[in-house]
Structure formats: C-alpha cells, structure tokens
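Before anything else, here is the set of structures, which you'll find just below.
Note that chain A is present in both complexes that follow, paired respectively with chain B and with chain C.
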Partner chain A sequence: MQIDILFIFTALIEIFKALPLTMIITLVPLMIGFLIGIGITLIRIRKVKGLYRLANFYVSFIRGTPALMHIMLIYLGLPLLIDKLAGTFQWAFQSTSIPILLFVLMALSLTAGAYMSEIIRAGILAVDQGQLEAAESIGMTNFQAMRRIVFPQAIAVALPNLCNIFIGFLHTSSIAFIVSQKELTGAANIVASNNLKFLEAYIAAALIYWGLTIISEKVTALLEKRATVYNRGGVA
Partner chain B sequence: MIQLRNIQKSFGNQLVLKGIDLTVNKGEVVSILGPSGSGKTTLLRCINFLERPNEGEVMVDDFTVNSKQASKKEILTLRKKTAMVFQQYNLFKHKTVMENVMEGLLVVQKSSKETARKLAMEVLAKVGLTEKANAYPVQLSGGQQQRVGIARALALNPEVILLDEPTSALDPELVGEVLEVIKRIADEGITMIIVTHEVSFAKDVSDYIVFMDQGEIIEEGTPTVIFNYPKEERTKRFFKRINREAGILESNLSSVI
Partner chain C sequence: MDITLIIDFFPKLISYLHITLLILVAAVAIGLIIGVTIALIRIYKVPAFNRLALIYISFMRGTPILIQLFLIYFGLPALLTLVHIDVSRANPLLFVAITYGLSCGASFAEIIRGAVNGVERGQTEAAYSIGMNEKQMLVRIILPQALAMAFPNFANSVIGSLKDTSLAFTIGVMDMVGRGNTLIASSLHALEVYMTLSIIYYGVVLCLEKGFSLSEKKLQRFEGSLAVDTK
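Up next is the complex of A and B:
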C-alpha cells in the first residue's frame, strides 16, 4: 500500500468543513460545565448540607469513568427515562424526536462540570483568605467579594488548567463520532470509507487537531499574559 | 461612640475573650496592648464581626448588633460603619492602588466613578502615595502597601478604623513611615482602635490604653497613668520585659556603632 500524499490535502479540505460541529461539541459542554463547576465548587467549599455529599459523589463518579461512558449512559439511558415519563403522564412526546447531538452535549457538559469544579476550586483556594476578609470588612457582601475580588484572581490562576481542559475536550469531542456525529473524526471516517483511503483521511484529521491545539496554546499564552499583569514587575 | 458590652468569644472549648466591656468616644485613639495570645486581635475582629462573638453587643454610632440575633443585614450595616487595616495588608492584588481605594466607594457606597476617583486621590495624597496610584500591590514595598491599606480604610470615612498590628509584618526600617501616617490621621480626629506591639508609639498616639491578658482587660486608662503608674502586677511585668528588650536592642546597637 502506498500513501496518497495529495489525497491528504483533499481530505483536509473536506474534513475541515466539520470544524463548526467539533467546536460546538467542545465549547458548549465547557461553558455549561463551567457553570456547573462553579456551583459544585461553592457547594464543596461551603460544605452545603445535603448537597455536599451529592457533589462529592458527582465529581468522584464522573472523574472515575471515561467520557465515552457518559455519552453512552446518557444516550441509552435518558431516552428510556423520558419515554417512561411520557407514558406515565400521557405526553405526546417521544425521545426519538430529540437530536442525538443534544444527548452528546448533555453528557459532555456533565463530564466537563466535574473537571471544571476541580480547576475552579484550586483557583479559589489559591487566593488568600485575607483578601476576602478585607472585602467583607469594608461592607461588601460575600457574593460581591467572591465575584469582584476572589473570582477574577482565581480564574487568572486557573487559566493554564482551563487551556488544558479545552485541549482535552477538543480531543474528547472526537468520541461523539461513535454516536454518528459528523464532527472532525466523523467526517474523516466518511471521507476515508468513501474513498477507501483510511490512513490519509486520519492523517488529515490529526493535522487539523494538532493545528487547533497549537492555536489554542498560543491564545492561552496571550490571555495568561494579560490576566496576570498584576503579578509581574514587582519589587516585593 | 463605640461601645462593646460583655463580648465573649471561644474557639472550641477555649474561652479567648471573657466578657470585654469597652467604650471609645468619638475622635479617640485607643490602643490595645498585651502579650501575644491575650485576645487583642480577636477582640478587634469581633468589633466588625469578622469573628462572631458568642455573647455580647457591639454598638457603633447608636447602631447596636447583638451577637445572638445579628442578621446578615445588620452585620453588613455594622461593617459599613467600620473599616479595618490588616497585619498582612490584604490588598486586592489584581487591582491597582487607585482601584483598591475606590473599590469600597464604588461597590459599597455606590459612589459615581468620578466622585470615587477624586476622593481616592485625596486620600492617597494623605498617605503620600499619589504617584503610585496606578501601580499594583506587588510593585510596592510593605510599608507602601500598608499605607494603601490605610488609605482604603480612610476613603470610606468610617466611624472607626480598626488597626490590627499594622506594622508587625514590616521590615524594621519601614515601620516608621506607617506609624507616621497613622499619627497624622489620629491628629485629624478620626476614631481608631489599634492593636499594636509598638509600645512607645502607643504611648505617643493614644488617648487611652487598654491592657489585656488572657482574654480580659487587666487595666485601662490614659497613657500617662498606665505607663507611669501601672497598678497591676501583670502590666508592670509586661512593661518591664518590653523595656528590657528595648534596652538590649539599644545596647546591641551601641556596641555595633
């Protein structure tokens, strides 16, 4: 077998068209996961009764199982639950009318939430408690103090980790191809089997992932520079 | 006027404040002295409920907060009437000097940006840091950072400023500039309660001295009385030790020179 170098370029262009879907499968879960992460972090830091153990269980379970399982469990399990409920309450609604993409986004949002909560927690704990006290001592509410003083610094600290999780999820989004999503990997698979040139198609897909990763590393470096301006050039 | 009534606080089983009563009149500077572990800092932190007392009442400017019934709103109101200067400065590290001073004005007092900026500039002039307005805390020396801390408190025009060992974290050569700023503010008639180890400074700046040991006020009075005619054995011992340390320091210095 010979490698058709030229076909790699053809495949590259074809596969690249799937980029928007990959971006959706990467970014939407990260954004929702970020919100889940904040909630989980607050519950765990404040040790909210009742919810605290649930939050710990959630983080432990999600981080203890592969993302592929989350997709499978949601994709196979949720429709069962929905149809059961629909039957009980006489809804004129069936799980088959829900696009598969929605299940994927839900599952990966749950995945992201657990990882995000660890990242955000580390960031918040890195900000010294004294600043929170100072903010409260001048009459700010705890919420104001968290939002205006602790959180911005926590995010700056967490930025490298947030970049890592972005790259991680960019790559994880490829498993959505298992449930027939036409994102980069799904598209590569189609291009490959249509032309019977598998290696070329996957090389092309790999190049795209790599390029995206390099770009996000560069962007992070820039962001990091801006976010931590206050920490540099000091004499103390 | 600030009044503390029967303030009690325990951490676990240990009673660190055993019912403190204290009245501070408007414009007065009160220093709290005492050996470490005597509960001075805890008392100060009870005044703005950073530490919630187990028992007792805090009254600031006719507004009374009871430790047992205090609601979140009442605690906020109390804190708006007070300001605190911390041993470790606790400046907002991601904000410039100017923004540190403006923060409370904008968020708590809801001033306009214009008013806040003007007021912040005035206060920074008082602590001698106008040219550092755009610097970040890490770019300042400890003494400068603490002066920003004082400016941040001062800007809010509180009924009382609580200073928690404001010079303890500083290099010896930076202590002077901070004490000087505090002295200048004291002369303006701003009510202050200072926890400090700088005995001679306390003597110099205070209208009233409170001496604490083991969670109790042992002795209180004007500096002249407390320093010249201490009645209690524990107070005498404390001053004797301080004087001896100062003496050792001086003799060391003279031997170096």
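Up next is the complex of A and C:
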C-alpha cells in the first residue's frame, strides 16, 4: 500500500476551498428549519385544529425517510411543478434557470424543520409550567412570557441538541455531492478522480469534517456555560 | 409525472428490501460487538485502549457516513494488500456492512456507557452488601437496568442507520436505491422511483418504530418512576 502523505496536504488545501459552500448548505437549512420548527412546535403544542395532524405527519414523514429522498424529491419534483405552473400562466421562466443549490437548500430546510421542531418542543416542554403561570401572575402577556421566560431557558436546555443537529447537518450536507454540488465531499471527489488518488483525497476530507466537528463541540461547551448561568448552584 | 407508475415500481423495488435489511442487520450485529467491547474499555478505563477508543468514537462522530464509506471502500483493499489479501473484487456489500458496523459500534459504545453510568452507584453497593460477586452484580442488577435505559437511544440509532443505508448505492451496492437507479436509467421516471423509495423507507421506519416501542414497554415494565411516557 502506498499512501502519498504529501498529497493529503495538497488535497487538504484544495478541498478546503469548498468549505464556504458546505457552510451554506449546513447553516441556511438550519436557520430556515429553525423558523419552520418554531411554527410546527406552536401548532403541535397548541393543538391547532386541522394543521395539527398535518404537522404531525410532516415531522413523522421527514424523520422516517432518508435525507437523500428529500433532496431527490424536491430536486426532481419541484421543477416539474414550476414548469407546469409556468406553462399555465405563460411565465417566461424555465426551471432549468434555477440553480440546483436552491433545491438542495429547500429540501434540507424541510428536513431541518422536522428535526428542529422536535428539539424546540423538548426544550419548551422542559421549562416548568409554573414559570409560565408566575410570569402571567405578574402581568406579562403570553408573548412576553414566552420570549422573556420560557425561550431563554428552553434554548439552554436545547443547546446540546442544537449542537448535535449542527454536526448532523454538517455531515448531511455531504449528500449534496450526489446532485453534483462542489461542497467538501464533491470537491474531494473531484480532487480524487483528477489525480486518481482516492484514499488520500477522502482522508483529507475526513480530516476537515472531523476538525469542524471538534471545533463545534468545543464552541458548544463554551456557549452552554454561558446559557446555563442562571442555573448555577451554590454562591456567586 | 405518472402516479400509476408508483404501483408499477413498488414490487420491483421492494424485492430489493432484503438487501437493505441485510446491511442493517449486519451493521447492528458488528456494531453490538464493537460497541460492547469499547464501552467496557471506556467504563473500566483500560490504559492506552481508552485513548484509542476515544479517538475512534470522536472520528466516527466527526465524519459523515459517506466519507467513511469511501475511506473503507478505497482504504481497506489497500490496507489488506499489505498482508497479501486481495479484496478488490469483493462484493461492495462487504464494505458497506463493515462501514455501517464501525459507525454503529461508535454510537452503541456511547449509548451503552451512558446507560451503565446512568445506573445509580448505590445499586452496585446494595448488590455487594447482600453478598453478590461482581459478575452477579453486573448481570442481575446493572445490565437489566442499563438495557432498559439504553433501549430508546439504541432504537433511534438503528433507525438512523437504516436511513443511512440509502447512501450505500454510491459505492455500487444493489440495494433498493441502487435498483432504483437502474430503473431510472431504463424508464426515465426518476421522480416516481424516488417517491416509491420514500414510501418504502417510511413504511419500514414506521414498522421499526412500532416494534421498538412495543419491546421498550416490555423492557421497562419493572420501572416505576423511570417509565415516563415520552410521547
């Protein structure tokens, strides 16, 4: 076996250039997913009629199917829908002019929404009901109580899970290479086949992912210390 | 788009479900062996090996399954040529099973360790105080409780692995997704194929969830305060 150690470094530098795209594919879905998650959580906690069942199905379906399916369904299905709409409404617009990246982001946002809603729900349910009553008893509105009392505590509870979902999506973003996105895995793939050094290129990619994961774990540990300040026992 | 094609594709794809399930079962079996070994190393803090176990878990947790798959697929044959074993012609299923087994092993190890540490220290002391030896204490007191505690996480991990198997086609395994791709090539109806695949995956996950929640109830029937309904 020959491993070209030097080439790992070359590949590392080459693949590292794809980091911004990986970050986009990781962070944008998580942010949109967070908003979707809040909406879904409110629907599920308040048990909004009609929407409640739909929300449950959405979460269960997304969690029950691989992310690859979400990407493929959106990537293949949405253009058909758009072209059909464009046909009926005479738009001068073709689905081929939409970059694939947009479909990937949309699909992963839907994925993130379902997982986020579970995390947010767990966080909100972890806050004692009495806190909400206490907030209302001193005259806060429901919105104020949610924003000032429940949410900060819920976030502290949810932080480890949020870190996990970030790492999870960092890794899920690697699937985007299947629809030919040039993120870390896609770049590794290109470097590998251009130089016919597959193992070295994937080792380099693995090192980058691993490093990113370790960094985000460390950052979370710091954030957790800050977020749980209110909850510290003892004096001072 | 032609919805009726889904009915047409369904039997063709589900006839490859056993390959997907085979990967899952092999991965869980390998994962359990690795997981228990590593959990023991971590719990008893075996010198040197504890370090290695930490690095192993960190690496498996820190890299996407897709990258792990490629590393094993390209790395293992290269590694084995050192001892003059040629696996370059081996079935890609083998590489997939090993990769998913290694990945399961890391998550199982952490689940088992967490569960064993989650059993109260006093239980160990109580077991010793009534004259049990270490093996009895482990088998009769700690493990049953740890198992009940680990089970929900274990179930989640298995379901996660099932979904991960959808990536096995990238190294040329003929599982459901692999078969789906050949169907796409011959019929040019990609959307319908992926819709069918989603339905099958969703069905399998629902069945697994149902089965796990039934066994969870059975496992936790002795728990008084612990059996909080999580739903």
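Remarks
Operating definition for what follows: the second predicted complex is superposed on the first by the 232 of 236 C-alpha atoms of A that agree within 3 Å, B and C clash if a C-alpha of one lies under 4 Å from a C-alpha of the other, contacts with A are read in each partner's own complex, and residues count from 1 in each chain.
Keep in mind that, in the parts below, a residue touches a chain if its C-beta (ideal position, glycine included) is under 8 Å from a C-beta of that chain, and two chains touch if they have at least 3 such contacts.
All of these numbers come straight from a predicted model, not from anything done at the bench.
Using the contact criterion defined above for the overlaid structures, shared-chain residue A:69 touches chain C, although it does not reach chain B.
Contact with chain C, but none with chain B, is seen for A:210 once the two complexes are overlaid on the shared chain.
After overlaying the two complexes on the shared chain, residue contacts for A:61 are found with chain C alone; chain B is out of touch. In the superposition on chain A, contact is made by A:171 with chain C only, not with chain B.
Measured by the number of chain A residues touched, the leading partner among chain B and chain C is C. Looking at the shared chain after the overlay, A:202 reaches chain C, while chain B stays out of its contact range. Once the two complexes are overlaid on the shared chain, A:231 sits against chain B while remaining clear of chain C. In the complex of the two chains, the chain C residues touching chain A come out as 1, 58-59, 61-68, 70-71, 74-75, 78-79, 81-82, 163-164, 166-167, 170, 177, 190-191, 194-195, 197-198, 201-202, 205-206, 209.
Within the complex formed with chain B, the residues of chain A that make contact are 128, 130-131, 133-141, 144, 148-149, 152-153, 156, 229-236. Interface residues of chain B, counted against chain A in their complex, comprise 48, 50, 72, 76, 79-80, 82-84, 86, 88, 90-95, 103-104, 107-108, 136-142, 145, 152-153, 156.
By the touch criterion given at the top, residues 1, 3, 60-61, 63-69, 72-73, 76-77, 80, 167, 170-175, 177-178, 185, 188, 198-199, 202-203, 205-206, 209-214 of chain A touch chain C in their complex.
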